[in-house]
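Both complexes shown next keep subunit A, but they swap its partner, so subunit B is in the first and subunit C is in the second.
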Partner chain A sequence: MLEYKNDIWKALLALAPTLLLMAVFTFYPMINTVFSAFMEGYCYGVWRDNGNTIGWLSHYGETIMQSSYDAEGNLIGFTETYVGIGFGNFVTIFKDPTFIDALKNTAIMVIVSVPVTVIIGLLISVALNGIKKLQSVFQTIYFLPYVTNTIALGLVFAVLFSSRNGLINSFIESLGGNRVAWITPFAGKNPSYFTCLFVLMVYTVWNGLAFKILVFLSGMQSIDKQYYQAAQIDSTPRWRVFTKITVPLLSPMIAYITITSFIGAFKAYSSVIAIFNGNYGPRSNPNMLITVVGYTYDKLGKMSNVNELGRACASALVLFAIIMAITVVELWVSKKKVHY
Partner chain B sequence: MNQEVILSEEELRKFKIKRTIGNIGIYVFLVIVALFIIIPFYWMLATALRSEVELQQTKISFFPKEWVFANFKSAIDYASNKGANFFLFYGNTILVGFLTTLGTLITTILAAFAFARLNFKGKEVIFSILLATMMIPGEIFVISNYATISSWGMKNTYAALVLPFITSVFYIFFLRQTFRQIPNELYLAAKVDGTSDFKYLWKVMIPMAKSTITSITILSMMGSWNAYVWPNLVSEKDHYLVSNGLLSIYKDVDGTGQILSLQMAAATMITVPLLIVFLILRKQIMRGVSRSGIKG
Partner chain C sequence: MEAEQKNEEAKIEEPIASNDSTNVDISVQQSVDVRLEGLTKVFLDSTKKETKAVWDFNVVIPAGKLIGLLGPSGCGKSTTLYMIAGLHNPTGGKIFFGEEEVTHTPPEKRGIGLVFQNYALYPHLTVRENIMFPLENMRPRMEKEKMKALAQEMAELVHIGDLMDRKPGQLSGGQQQRVAIARALVKKPKVLLLDEPLSNLDARLRLQTREEIRRIQKETGITTIFVTHDQEEAMSISDQIVVMNYGVEQQMDEPQKVYEEPANLFVAKFLGNPPINVIDGVVENGELKLINGQVIDEIDVPDQEVSIGIRPEFFTLDENLKLDVYIEMVEHIGRDTMALCKIDGYENSVRAIIPSYKKLEANQNIKIGFRRYFVFNRETGERLK
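Let's look at the complex of A and B:
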């Protein structure tokens, strides 16, 4: 056995940059977010004097301060600071109809987009795996959405579904149908929840397929060819080959993709604001499809108001709890179902 | 016992026909999916090239009636009129992407080296703590980091855009896996020759992990090109990255679609560079993404 020396000093040196950065930007925020979520009456604001920023204030002392604003409406002091520890912020957000909407919207988006993307991705991968000619051409095309900018293509989908002169409505019209108010009003009709969600889901699926196809396909290519050859000798129908060979042998990848898709879908944000040009919904109802992450950032944007930071933190913690719960459940299910 | 299956000529032909029909079906399906993927790109380009008159009509043709390449220039001018510089968005994105990638490479290579090669007490514990942080959604960090950056007076600086992102547990994990595949014997031989640890890292480990490092570089650069949330929080017009510039400058505020061609021209100018890079580095990018996906 070779003698290993202890490299503690070298290790510290090598790890120092990472640990230092993580202390500031990962561990401290984690603790701070949890604390802030439970602090009631805590606020955070810019301290200004004659319009000049003097510094940033964060205070959770016992003193209750009077809020005052300068002529331009900039916050100079605070109404109140930390008044106690408790579940107040959580109670407040769960009483806030916008947050409940955000939870509902996010849940619907997850339930629709994850199964649809995984199943379509799986079908495409199987089809792709079954051909020899043009395989890499198709694969390259399918990968394109992965290397595009989420905001840019979200704007494109808004244009595609524009009710006045979008491609989709022109197509419907050329088939003899009526134009639909997808995400912009048309002929006095405001877009409905269903149409807005539909457009968002089409974009989400379009955007999400690339990664899934890539992972599934590379998984399939590592499945032993003998299984397929055996099936071919027995002239097994394609569908049985798919359900009895491909899916079971691919189940670790399917489990992995499902978990990451769930987590990704719960964090939906950029796709929504891109489709609605910076809002969470059509102009008739700008909060229609607000998500949990959207709600969190909205509260963060107002953090110089009393308690808003705490509510942002509380909402982020709720998101974390949901993601943790889903991950644990899925790991538990996949332990039973996944064929390794 | 076993029934011997002998296909008659007739049956064989039937089987072949079935197979061919199935294959045609597969290709039709794949082409439809390909159209679904490509049409948005086409529509972006087509809208970018349409004249304003054409965009005001309610009947729209699949192909633009005339190609107005001047729309690209108008899109850039439109940003200038709003007090922003479209090229600065590119510059900012490239600069931030470059600095982030460089920083990430330095920190993650060093950390992965420590976890893969060095021996010290608590190695496994520290590594598992780092791995555990990967479970936590980034939104939790963003809130406090915004407060931190603000209180340091660093809002609207390049440092604010770069600092929080120059290390990554995921890449450390990714690199550690690669480093661990390098045989021990190589290290011991280097030790016998009196090579220092850091020289060994530089001369042996980094060259051997070249493909992983390439993947990290690509993924990290792509991350900057796509970044929206954080820059939107901490920066203003002069520090915007491409996504922020696009959404804030070319917002279709009144919903009339007046600026659609400019918006799409800007979107095209942001999308095309990355597509070109992708087509050049297709193999490396796809390999990088799929490997990071499978091992992550």
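Let's look at the complex of A and C:
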């Protein structure tokens, strides 16, 4: 018994640094996010008048004097304040067309990229698992994006899909086609929503493949070879081997990858700004492919004089609720479909 | 047998997809003999070192018989089986099923059933789905109802008819094994291969299932090869056994014959429990002598150094008393008594099994006889007498 007690203290001691850091940089902000999201009229903006009048601007634009001075009249600090608790921030963001756009864009990206990456990842893994020679070479090639900086990769894609001298357009031209205004204007034509989304999706899928292939491959390699031999002796066609043996036996990995991909796709942000050079779209429409995370960041960046922080938190909470709901549904489905 | 086969040939004429699901027959359509000619498998590892897993294996396995492939671990039993199954490519030699050469036929075209050492049941499928799996691959497509009926029939044969909706994980080892047999049998293979199918079972279940395998094999009449390293298992259910060592066939015969007339020292040592006693001896001028000089018999063998093999149960107390021994220990094992006997001049004691009604006391010198013995060349192990 005593030993167990000692172990608990040792375990706590070992965990303490991480717990402390997480408490400060993760738990506290998380809890605060929830509070802030529901605070209406939370004051943040600093109002200066004549250099010495200091006040706060609320959500409603009223000035609430909150500065405190010491005996000599020097400013010593502020207290945070808010008008009330409610859903005002949520109402505001849902009235904001940019937020609706962000929701729409994110949803489209999720719906397109998740199934595509999972399926392509599975197929590539099966192919990789089937070859004997050069397997590790290919594995390395597919794994490269994982260890390369997202922004750098985005720049590469931006160059690849550049309208004037990009590799893709040169290739299309060599096949006799016309250059496409992928993500930059070309011949007076601005890039369309479709081409921008296409480039973004190609990039997202490719960038996400590495990890999925890694997980699928290791999963496949741990499947007992005898199942395949048994299937071969029973003259099972390849496709049936894939659907009836590989996929079910890999289903725990597939479930894991699907859930994490959904979460990852909902959090899309850096992929967009990587491709569009810091914006959410081409120069003609810089907010074209704004995502929910992008919207949240924007709000945080613009915390000037209205209650933008509350709205950023509200938007983050909305995203959290969506991810939560979808994950719950996925876990529920996977309980029925996954063969552990 | 012949009449039976004709009868079955007649049945093949019927269309496969007949709707008559109640009348599915479980007998094999044709059983073939399996012929291995100079079958050889050499594995090369990464350092180019050769392992002769199977070497120049020549065997004819008669149609409809159950053959036990027996040998110590690593002697190439599984490799032989996998070559017959087509999962390994032979380095040399040929494999025939009946008149048809299948050496380079892919496994899916050979029409065999294989029960793996650890069953390889698909864990995510129910028993019924597992048994139906091979049927679903058949072309022309079989009707679902017919497949279900066949699977049920096969399950009844191995007495698991009431477990059809369970997953393999919910079955005992013996039940899993029977599912594996049912899955292998359901497509009516020409040849059934079993790779140590009983190795995961406890002693009682082992006994039970091996008898079941025998029964199923007799009922279906499929040519069956049964791999094991358990001699008792092989001896009890096989029509014939093949003993292998280091990839080389040592002897093939009926189990009792192999036991009674081993071809060489290896076979003699490998079969029998408790094992055969082997003591050194010499042949000089037609006399077989122990190393202490005692002459035990006259023998028509050229002069040489030999190993004398005496099975424990060959010893007797009444006839031909030939050996002076000192009884070190006596152990009563039910009906029999086992005595550890020291022979003058030998380091290792010999084990004798004597019926218990003969009273034996430890720590005394007696004369002990034996009704049979084998003589092997000490170097090659070749049987001389």
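Following the convention adopted for this analysis, the second predicted complex is superposed on the first by the 285 of 340 C-alpha atoms of A that agree within 3 Å, B and C clash if a C-alpha of one lies under 4 Å from a C-alpha of the other, contacts with A are read in each partner's own complex, and residues count from 1 in each chain.
The rule we apply is simple: a contact is a pair of C-beta atoms (placed from the backbone, for glycine too) under 8 Å apart; a residue touches a chain by one contact, two chains touch by 3 or more.
Here the structure is a predicted model, which is why all the values come from computation and not from measurement.
Visitor: By residue count, is subunit A touched more by subunit B or by subunit C?
Guide: B
Visitor: With both complexes overlaid on chain A, does A:98 touch subunit B (first), subunit C (second), both or neither?
Guide: After superposition on chain A, A:98 lies in contact with neither partner.
Visitor: For A:235, using the defined touch cut-off, is the partner it touches subunit B, subunit C, both, or neither? Pick first, second, both or neither.
Guide: both
Visitor: Let me test your reading of the model: by the given contact rule, A:316 touches which partner, first (subunit B), second (subunit C), both or neither?
Guide: In the superposed model, A:316 contacts subunit B only, not subunit C.
Visitor: Once the structures are superposed on A, label A:324 by its partner contacts, choosing first (subunit B), second (subunit C), both or neither.
Guide: A:324: touches subunit B, not subunit C.
Visitor: Once the complexes are superposed, what residues of subunit A are shared between the subunit B interface and the subunit C interface?
Guide: In subunit A, positions 235 sit in both the subunit B and subunit C interfaces.
Visitor: Mind pulling up the subunit A residues that touch subunit B in the complex?
Guide: Going by the criterion above, the answer is residues 2, 4-8, 10-12, 14-15, 17-18, 21-22, 24-30, 32-33, 36, 44, 46, 53, 55-56, 58, 123-124, 127-128, 130-131, 134, 138-153, 155-160, 162, 164-167, 170, 184-185, 206, 209, 211, 214-215, 218-219, 235, 238, 253, 256, 260, 263, 266-267, 269-270, 273-274, 277-278, 283, 293, 296-297, 300, 303, 309, 312-313, 316-317, 319-320, 323-324, 327.
Visitor: In the complex, go through subunit C and note every residue touching subunit A.
Guide: Residues in contact with subunit A: 85-87, 106-110, 112-114, 116, 118, 120, 122-125, 133-134, 136-138, 183, 187.
Visitor: Within their complex, state which residues of subunit B touch subunit A.
Guide: Of all residues in subunit B, those touching subunit A are 15, 22-23, 26-27, 29-30, 33-34, 36-41, 43-44, 47, 55, 57-60, 62, 106-108, 110-111, 113-114, 118-121, 123, 126, 130, 133, 135-148, 150-151, 153, 163-164, 166-167, 169, 172, 188, 197, 222, 225-226, 228-229, 233, 242-243, 246-248, 250-253, 255, 257, 260, 263-264, 266-267, 270-271, 274-275, 277-279, 282, 285-286, 289-290, 293-294, 296.
Visitor: In the complex of these two chains, what residues of subunit A are touching subunit C?
Guide: 224, 226-227, 229-237, 240, 244-245, 248-249, 251, 339
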